[in-house]
Amino acid sequence: SSNIVLIGRALRNMFILPDFPLFAAQVDKLYEEIKMNTGGELATYIPQLARQNPDHWGISLCTIDGQRHSVGDTAVPFSLQSCSKAPIYAEVLTRHGSDHVHRFVGHEPSGRTFNDLCLNDSNKPHNPMNNSGAMLMLSLLNQSRNMADRFDDIMQRFKEMAGGEYIGFSNATFLSEKESGNRNYALCYLLQEYGCFPEGVNPMETLDLYFQVCSLEVTCESGSVIAATLANGGICPMTGKKVFDPAAVRDALTVMSSCGMYDYSGQFAFKVGMPAKSGVAGGIMVVVPNVMGFMLFSPPLDRFGNSVRGADFCEKIVSTYNFHNYDNLLHATKKQDP
Amino acid sequence: SSNIVLIGRALRNMFILPDFPLFAAQVDKLYEEIKMNTGGELATYIPQLARQNPDHWGISLCTIDGQRHSVGDTAVPFSLQSCSKAPIYAEVLTRHGSDHVHRFVGHEPSGRTFNDLCLNDSNKPHNPMNNSGAMLMLSLLNQSRNMADRFDDIMQRFKEMAGGEYIGFSNATFLSEKESGNRNYALCYLLQEYGCFPEGVNPMETLDLYFQVCSLEVTCESGSVIAATLANGGICPMTGKKVFDPAAVRDALTVMSSCGMYDYSGQFAFKVGMPAKSGVAGGIMVVVPNVMGFMLFSPPLDRFGNSVRGADFCEKIVSTYNFHNYDNLLHATKKQDP
Amino acid sequence: SSNIVLIGRALRNMFILPDFPLFAAQVDKLYEEIKMNTGGELATYIPQLARQNPDHWGISLCTIDGQRHSVGDTAVPFSLQSCSKAPIYAEVLTRHGSDHVHRFVGHEPSGRTFNDLCLNDSNKPHNPMNNSGAMLMLSLLNQSRNMADRFDDIMQRFKEMAGGEYIGFSNATFLSEKESGNRNYALCYLLQEYGCFPEGVNPMETLDLYFQVCSLEVTCESGSVIAATLANGGICPMTGKKVFDPAAVRDALTVMSSCGMYDYSGQFAFKVGMPAKSGVAGGIMVVVPNVMGFMLFSPPLDRFGNSVRGADFCEKIVSTYNFHNYDNLLHATKKQDP
Amino acid sequence: SSNIVLIGRALRNMFILPDFPLFAAQVDKLYEEIKMNTGGELATYIPQLARQNPDHWGISLCTIDGQRHSVGDTAVPFSLQSCSKAPIYAEVLTRHGSDHVHRFVGHEPSGRTFNDLCLNDSNKPHNPMNNSGAMLMLSLLNQSRNMADRFDDIMQRFKEMAGGEYIGFSNATFLSEKESGNRNYALCYLLQEYGCFPEGVNPMETLDLYFQVCSLEVTCESGSVIAATLANGGICPMTGKKVFDPAAVRDALTVMSSCGMYDYSGQFAFKVGMPAKSGVAGGIMVVVPNVMGFMLFSPPLDRFGNSVRGADFCEKIVSTYNFHNYDNLLHATKKQDP
């Protein structure tokens, strides 16, 4: 039926991006340009990331009405890592509502000089986009069920976000993360020490789940559908199925806007102004609310841990198109509408 | 000619708020409800603020197409205080461009636990919405001219933003601010110590100018036009005159969104999601981009220094209307369009 | 033979405290006075500490020439907890020398507002008197041997410090510490994350050893001999056996002086001026260099985690006797020589 | 009469340094050795310091029984700068007692990562050895008298500490300090903002006095007598006159021990273990309690602001002689007694 919808729209020429081929061509042009940018370093803390191909570079986009475009290495699976934190937050909000969720986690950036071991003034993680916040989020998901069911359920939900497209799991990544995750063990014990977890939570199981969710894999193609689901207020544009509560998406986009790009978040909000979440494998999930979602992928990282090519793309696309949060101001010097 | 424009639109029923009387009635209802909220304390650090009438409570709004509504004490002059920081930032951006301006000031929140004496990692003020940042901004305005001209020029510019409506100056407030401004003297010497000012700046003159700009007065009515000028991409809706560069307004709204409500900014961004700037006299200037501007005024302050009634209004109006930054998401549970 | 030495000295009336009975009487007087001080709270994080008797109060002292005095509950075994950190530091210094040891740990107070999760500028624990520093110290002891041997060796060394007197081990305390030691697990993983441990160290084994050393038991009587060994430059006054290198003792006393009383260390250094180390079971080990050692024991703790009665005793004895670091100044208003 | 005392002691061979010529020869040897150390940079924030001769290097010592030795440029006047903070603290304690004084200032190091703009938890300066603490101290001296009298009084007191030897005043330094003292102006306004000063204090007058006291001049020779007065419990060894209360000296030495060498204080306490206070003109005042005082002078500074040659001398002399706080431990490997 989603195809029928697409055809219907096509016939009426009612797509959100009226001249899709033009926009796709522009994306391809940026793709080529940015391909030359060989800056950045691979993450090295686990062999699975250190062995990634630094030349990999892919862009996929999916509009809220289901138009798709991909260029580059967009069928290469990579681990979501921290990109998973945005959908997980939206999922937990959908199930438990904002009031309950924010009894356990804040919603503000932690400030650039703080390392993320610290909790905020209320002894909660600063926000659900950092490691400790994401652990808290996972502790709220099916906490009374067994681990296999909890993982299955999350996997199932990611598949729904991605409209049934590729969601994988890298067991090697999971095992490596677990083996070398000293900082995350420290964080998890700290959360337990400060009584951050809801009652009855087993911290080490939560941490295991955390490592597993980080090891979920997408391709640019499937990831762009997840981003589009967020752009579309929680309804997957490929299936029409409601995945997230719209209020949950609103909150997720708000927090992605201010906290999604590690310590670069403040500058990103100022310069780019789009909700985004990056991961250490080189993915960046970018949302243009009510328009489309991107999944960008290129393993070399800048000193903040964000994909160099991915961040470069964001800055360049926003200088051409009015995607910045406040770009649609009346009387603005005209950037292009996509 | 602005009247002719208004009449033209009225005939065509093309206003941005189609049912203005309904919206105004809703605002009046909130006004009455919030009038009962007698929480908060007057600022006491200078007698001029300590002597304000805690019962004063006014709301004015001005849409981008010039429709106006006011309820309560909206003709009472009050000093802008920190509300001035948003227009001043837009003004400096308009004159000097973002690149030049941000060589001297950051654009990110400072984090809740930092007091605003501290500079950021690059030894700049964190953003133009705090005191040290605003001093820097003023140091960039006509630094080579004499003090009288510099003040005149700023006064003139505020009048343009306000469409020629009331802009006053409280000399008593200025003198009191100057006398009791130990913290600001400390900040100013600190900026000088760290070489933050552009070459040739006289720090004490800059500080004088700072105190003077804080002592500029508006009413809710005139202030709402300033807010509407920001909402309208820099063009005053009452005169049609271009006051700010649209790119400058974009940046000003971005920074107001993340840093405009003192240490409450993060929560405000999450809950309310509108660009706003509050001042210690009880004013809050609120921008609904592409729709309208509000000036709220009520002297009692919460512990963050924001007007209790003003902040209350913001939270309540956003729960009814889709003014939150990400409220217009497709498929959102319907709040009202204003 | 140690008795012969004592008798010899007695015959020659050459003891460091010439009028020992007078001093002992003065200590007894303070004991009675301070017994009335019922302030403070028991540590509650493990049941073994929560169940301690809050009325327990004991003082033992041992001079560098082996004179002994005890009053109160001085035969009650209690766990050393952090009191163990001072002898462990002296032990590690004795084996490896100051230069090697301080490649892994700092030697300065961390400042009152820092919690002890943070490392110092060089990514080392601030000093060997806090938890992370003590873990590092233990990681340097016999790191290549098996756990049983490592524990045995430490036990043996504490017995030598105590002149063969009571050193016990509370397995229940150990198991409880291990079970509820979230903060210490967090610290240990953090140390590992930052590469603080010497190569080849197994962090979890080190942490186990840490919990075991905290669970070592002394009585006031045996503990006072350990303190006296430090007072005597590393030679146990009861056996004449050299336990520590004198340079190691010098460094240990220096660090105890500035960092031994948790966040109260600075005030303690100013007011009391004696090297001391407190533990959460209620013990305080106090050294009067070249004169004697005290072990004080009373479980109720102040908000810093120091024994209320123990700290009270330190302040009172130093107001009577010239034990403060700079008390022996010429021309000082005469306090008593002990 | 002081000469008669000296002669009497000499006849009885009862000096604190029994073999003074040997010790002096050892000092001379270190002087020559350290002369080669050309590391460090001159302070440049005012021309008077930037113009100092980097080759200047002088050591003067004065024992508590009045024996003197000088080598190098010990008659060159230099400004005391922060070296003045130790005697000023002792002076204020002598007049007002520790309890009163410490209602306004703390007595602990601020921690290495804090800059000295910050106040401690109780909104007081951390200790009397940093700039803000010293301002507070000066605000307690004759606050009701006029500026001329206040300065005269302080000058007079420094002359008494120095046994009537050279105390000068560099007006050029004062004027320069005042002109370029942005940081100190910031500190002073901050202290006023936080209500740190006692009632009735004029902050700008206090700051003027502060700059004046920093501009007091000594030579190594006269400065060593001040240090010896502190070493001698407050009685000037050259005149026998009681200058400070012994309790005041005790407290001053305690705070010098932990806070006297800027951010190097912690390391200095560990390695050198002598109370000392350095100044930005290149002076270091060092106290060996009950033995002697040193004034070291050499303008090039390390990154902490301490004289490179001066700090070098401290480390070397303490490795030869048992001057470290805990060097006199029984059974210590024998360093020399001086």
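For reference, chains read A, B, C and D in written order, and residue numbers begin at 1 within each chain.
Definition applied: a contact is a pair of C-beta atoms (placed from the backbone, for glycine too) under 8 Å apart; a residue touches a chain by one contact, two chains touch by 3 or more.
The model shown is predicted, which means the values in this text are computed figures rather than measured ones.
Greatest centre-to-centre distance from chain C is found for B, with centres as Cα means. Between chain A and chain C, the centres computed from C-alpha atoms are 51 Å apart. Centroids built from CA atoms put chain D at 33 Å from chain C. Centroid to centroid, with C-alpha atoms defining each point, chain B and chain C lie 58 Å apart. Residue positions of chain A touching 2 or more other chains: there are none. Taken as a graph of touching chains, this assembly is arranged as a ring, one closed cycle with exactly two partners per chain. Inter-chain contacts occur between A-B, A-C, B-D, C-D. Of all residues in chain B, only 117, 182-183, 185-190, 192-193, 203 touch chain D in the complex they form. For chain C in complex with chain D, the residues that touch the partner chain are 64, 106-114, 120-121, 232-235, 242, 246-247, 249-251, 253-255, 257-258, 266-267, 269-270, 273, 275, 289-290, 324-333.
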